[in-house]
Amino acid sequence: MARYLLGRLLGLAAVLLVTSFLVFSAVHLAPGDPVSFLLKGHPATPEARAAITAQYHLDQPFLVQYLKWLGNVLNGDFGRSVQFRQDVGPLIGSRLPGTALLIGYAAVLVCVGGVLTGVLAALRPGLVDRVVLIGTGVATATPPFVTAIGLVSLFAVQLGWFPGPGSTGTGLGGRLHQLTLPAVALAVTLAGLLARVTRSAMLDELAREHVEVARSRGVPERVVIRRHVLRGALGPIVTVGGTTLAGLLVSTSIVETAFNVTGVGQLLVQSVTAKDFPVVQAVTLLTVLGFVLVNLAVDLLAPLIDPRVSLTRAGAA
Amino acid sequence: MAPPLLEIDRLTVRLPAGRAARPILDGVSLSVAPGETVGLVGESGSGKSVACRSILGLLPQGARTEGEVRVRGADVLTRDRAALRRLRSRQVAMVFQDPRAAVNPLHRIGDFLTEGLRAAGTPAERATARATELLEAVGIQDPRAALRRHPHEFSGGMLQRVVIAAALAGEPELLIADEPTTALDVTTQAEVIAVLTRLQAERGTGLLFVTHDLELAAAVCDRIHVMYAGRIVETRATDDLFAHPRHPYTAGLLACTPRIDPHAPPPRPVPGRPLSLAEAPPGCAFAPRCAFAEPRCSAEPPELRPHGDGLAACLRADEGILP
Amino acid sequence: MTSLLTRPVRRPLLRRLRLLGNGPLFTAAVLLLGALVLVAVLAPLIAPYDPEALDLRSSLVGTGADHLLGTDQSGRDVLSRLLYGARTGLLGPLLVVGLSTVLGLLVGTLAGWRGGWVDALLSRAFDLVFSVPGLLVAIMFVAVSGPGLTAPVVAMAVAYTPYVGRLVRGLARQEKARPYLESYRVQGWSDWTICTRHLLPNIAPTVLAQSAINFGYALMDLAALSFLGFGVQPPAADWGAMINDGESALQQGAMLPALAPSVCIVLAVVAFGIVGEGIADRLARRER
């Protein structure tokens, strides 16, 4: 187990290293010289050029630049934002809680909504199942920004139940109310996917012999569904659930932009448009880190769910 | 006098498959008395699995039935859910064919063993104590440690012993063994059969032993019912069945079993393949494969009638066509 | 397992993709996609207005004889923009899927056929690309080379390649173990010849089925990117960008400028999904 963990952490570090290298060199791949590129759209005064050159050590050999940058990053110093003229670290930090709340809210909706819908469809074949299949079919084909539009037009503009884009709420209740439409928009596509996976995993389990055996011993149906069917379906549900949650990290940029939510995702989009490269680099790295960590967590959970799985290289690859 | 333990009385089962219902069993009757071991022998498609599952009320969704399945006098097929659960946890228990499929691979053995008891209301500690006793009774070493292991840590034979232990947990009056050794190696088969028969004798439970292997049934059972295409075609005490079978199918089964005796004749296969009731022609289902068939055999399915000391469903049973 | 002698060498593609045997839903989806392609090709001929023509006096006009689907905030005809939007809407995903399929076939066949260190290296490369979400890669590319069609398409093609590559690798390994391919190697045929003449035609339908499904995903991802302003730039007509524009119109009570392209996107993605799964089902049934 320890060996496996070490191996995975090394793999994680390798991915982050390669990503950081690519993220760093991207600046040099851009057309024009790096200094002009980094200053694009902002006054190219000699002081600004000197500041950028110093910040990125552009007068040094490439590899040295990369290593210095990497050193800074590992210390939490991501440089200064060109558009906001602040340190990138605190800039992201101030927006992180908002995004975290949104993603958390959406994650709960995906897990609860998706799994419950899938279970319902599996246990009620016929009309209910048909409706769920069609519903999830449409949901998986509806990207988050389309859902956002639909929600805004119906619930914000027509019905006025929820605030439209760009509003702020006070207190936890207010924030949650404000974040409901964005969270639903984030959740719908992935909830549809999770519902389908849950449904087919449950249907597979329902056909298994040990379910019938439990019934034959007088175990009540509710308990059979819970301890045998659902429990057996957990494996695929958790695996896909993990991937979808990881996907939330990226889709949040789209939803935050659509709803004008002050968060890390919106910051990323603004920074790309404004060519604020230090911010883009930092957010990209952090997102990849989050992505890889979620996948690792899912893999580590696997033996807990299925005791037959052992954490060998072959098993987890 | 107490009502007989098990009585299946002219059970007919039809499955709704698509628009046309598909028949599975036709007028099946058999009985088991306490302490008795009764064999139900049939090949694939004979319907023996559906017959034994019906005793637990485990029929496929939407199946339509005629006739009764009485355990201690009360029909199983009309019981409500609560009564069915009581039947399954206290009166009747089943040993399944493939232990790897029958035991949930994600739960510990202890959970599997105590599941039925806990569902019936036994407190967890007592259930665990009973599980430990049962594991000892079936011959598992170090029962306490075994309780905490998972199924994949056991061999097939050991796991089947666990399944038997679980079946005995509720102290049932009737045990049904559905091909309990088919999924196991031959040497393990003998061990598992020994465990099963010993425990049955100790506790005086009735045993319905379902198998496709006539020789195996002969080793275990007092009385044997032979099934073909959803019907019982012969019922006879074991020795009598082997010495004087009255139905051509039974004779065919006996003749095609290879034997070690150097003086025995070579095995003669029965031409064709076993049918299910849905595929059976009108009249006697075995007629197309029967060496002694006559035109009248295809007119109406023969009734199960007394011939000698047992029953046989053959129009020519008393003509002495079989040696 | 078919024997060495009876295994067919080549199965004509069209016969395997027989369209109308799969049921009304499949047929409807195929027809919808066909209509979409027609619309994209014929847009200049059938669009009533110039999609980029501003007419601020007719801003946010509702449906009517003049404008079948109304106008957007800048007075541009929604229907015309919708029709023209089908062009980038289909071209982008086509490029993404085309590129990723070709690359995936090349790389996957190499990995699955050669095995050994080549396979190990390529599999690690796949794992690396899997570790980074495709949309993020696209955003990075856009940050570097600016918005437009090129950056997103290249980025998404790179992001999708491992999905195709992994599928192809698995199929190649499976097929490689079959006796009929073994016999060609024994006879001395070169790897390249065997792969192109025999391996690829046999795995092509499975790959195509997956690619059809990927088309839908690519459409969604590219539309998301143009929604964010990273794709085709205004005033060009593009469904994702139209939704972005239409959002402010929503606040003023005009639904169509945003909803019309939304419906188009959903319908197109659903249709691609049905077609892809239909092909995959057909193949699965044939194998049995």
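Note that the chains are named A, B and C in the order they appear, and that numbering of residues resets to 1 at the start of each chain.
To be clear about the criterion, a residue touches a chain if its C-beta (ideal position, glycine included) is under 8 Å from a C-beta of that chain, and two chains touch if they have at least 3 such contacts.
The model shown is predicted, which means the values in this text are computed figures rather than measured ones.
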* To do: Give the chain pair, either A-C or A-B, that is connected by more C-beta contacts.
  => A-C
* To do: Going by C-alpha centroids, which chain is farthest from chain C? Tell me that one.
  => B
* Could you tell me the distance, in whole angstrom, between the mean C-alpha positions of chain A and chain B? => 54
* How far is the middle of chain A from the middle of chain C, if each middle is the mean of its Cα atoms, in Å? -> 23
* Shared-contact residues (touching 2 or more other chains) in chain C -> none
* Structure fact -> Contacts from chain A onto chain B in the complex sit at residues 208-210, 212-220, 223, 227-228, 231-232, 305-308
* Which of the residues in chain C come into contact with chain A in the complex? -> 127-128, 131-133, 135-136, 139-140, 142-145, 216, 220-221, 223-224, 227-230, 240, 243, 246-247, 250-251, 253, 255, 258-259, 262, 265-266, 269-270, 273
* What residues on chain B touch chain A, complex-wise? -> 53, 56, 58, 84-90, 93-94, 96, 98, 101-107, 115-116, 119-120, 150, 152, 166, 170
* **Residue ranges of chain A in contact with chain C within the complex** => 11, 15, 18-19, 22-23, 26-27, 29-31, 137-138, 140-146, 149-150, 152-153, 157, 164-165, 246-247, 249-251, 253-254, 257-258, 268-269, 271-273, 275, 277, 280, 284, 287-288, 291-292, 295
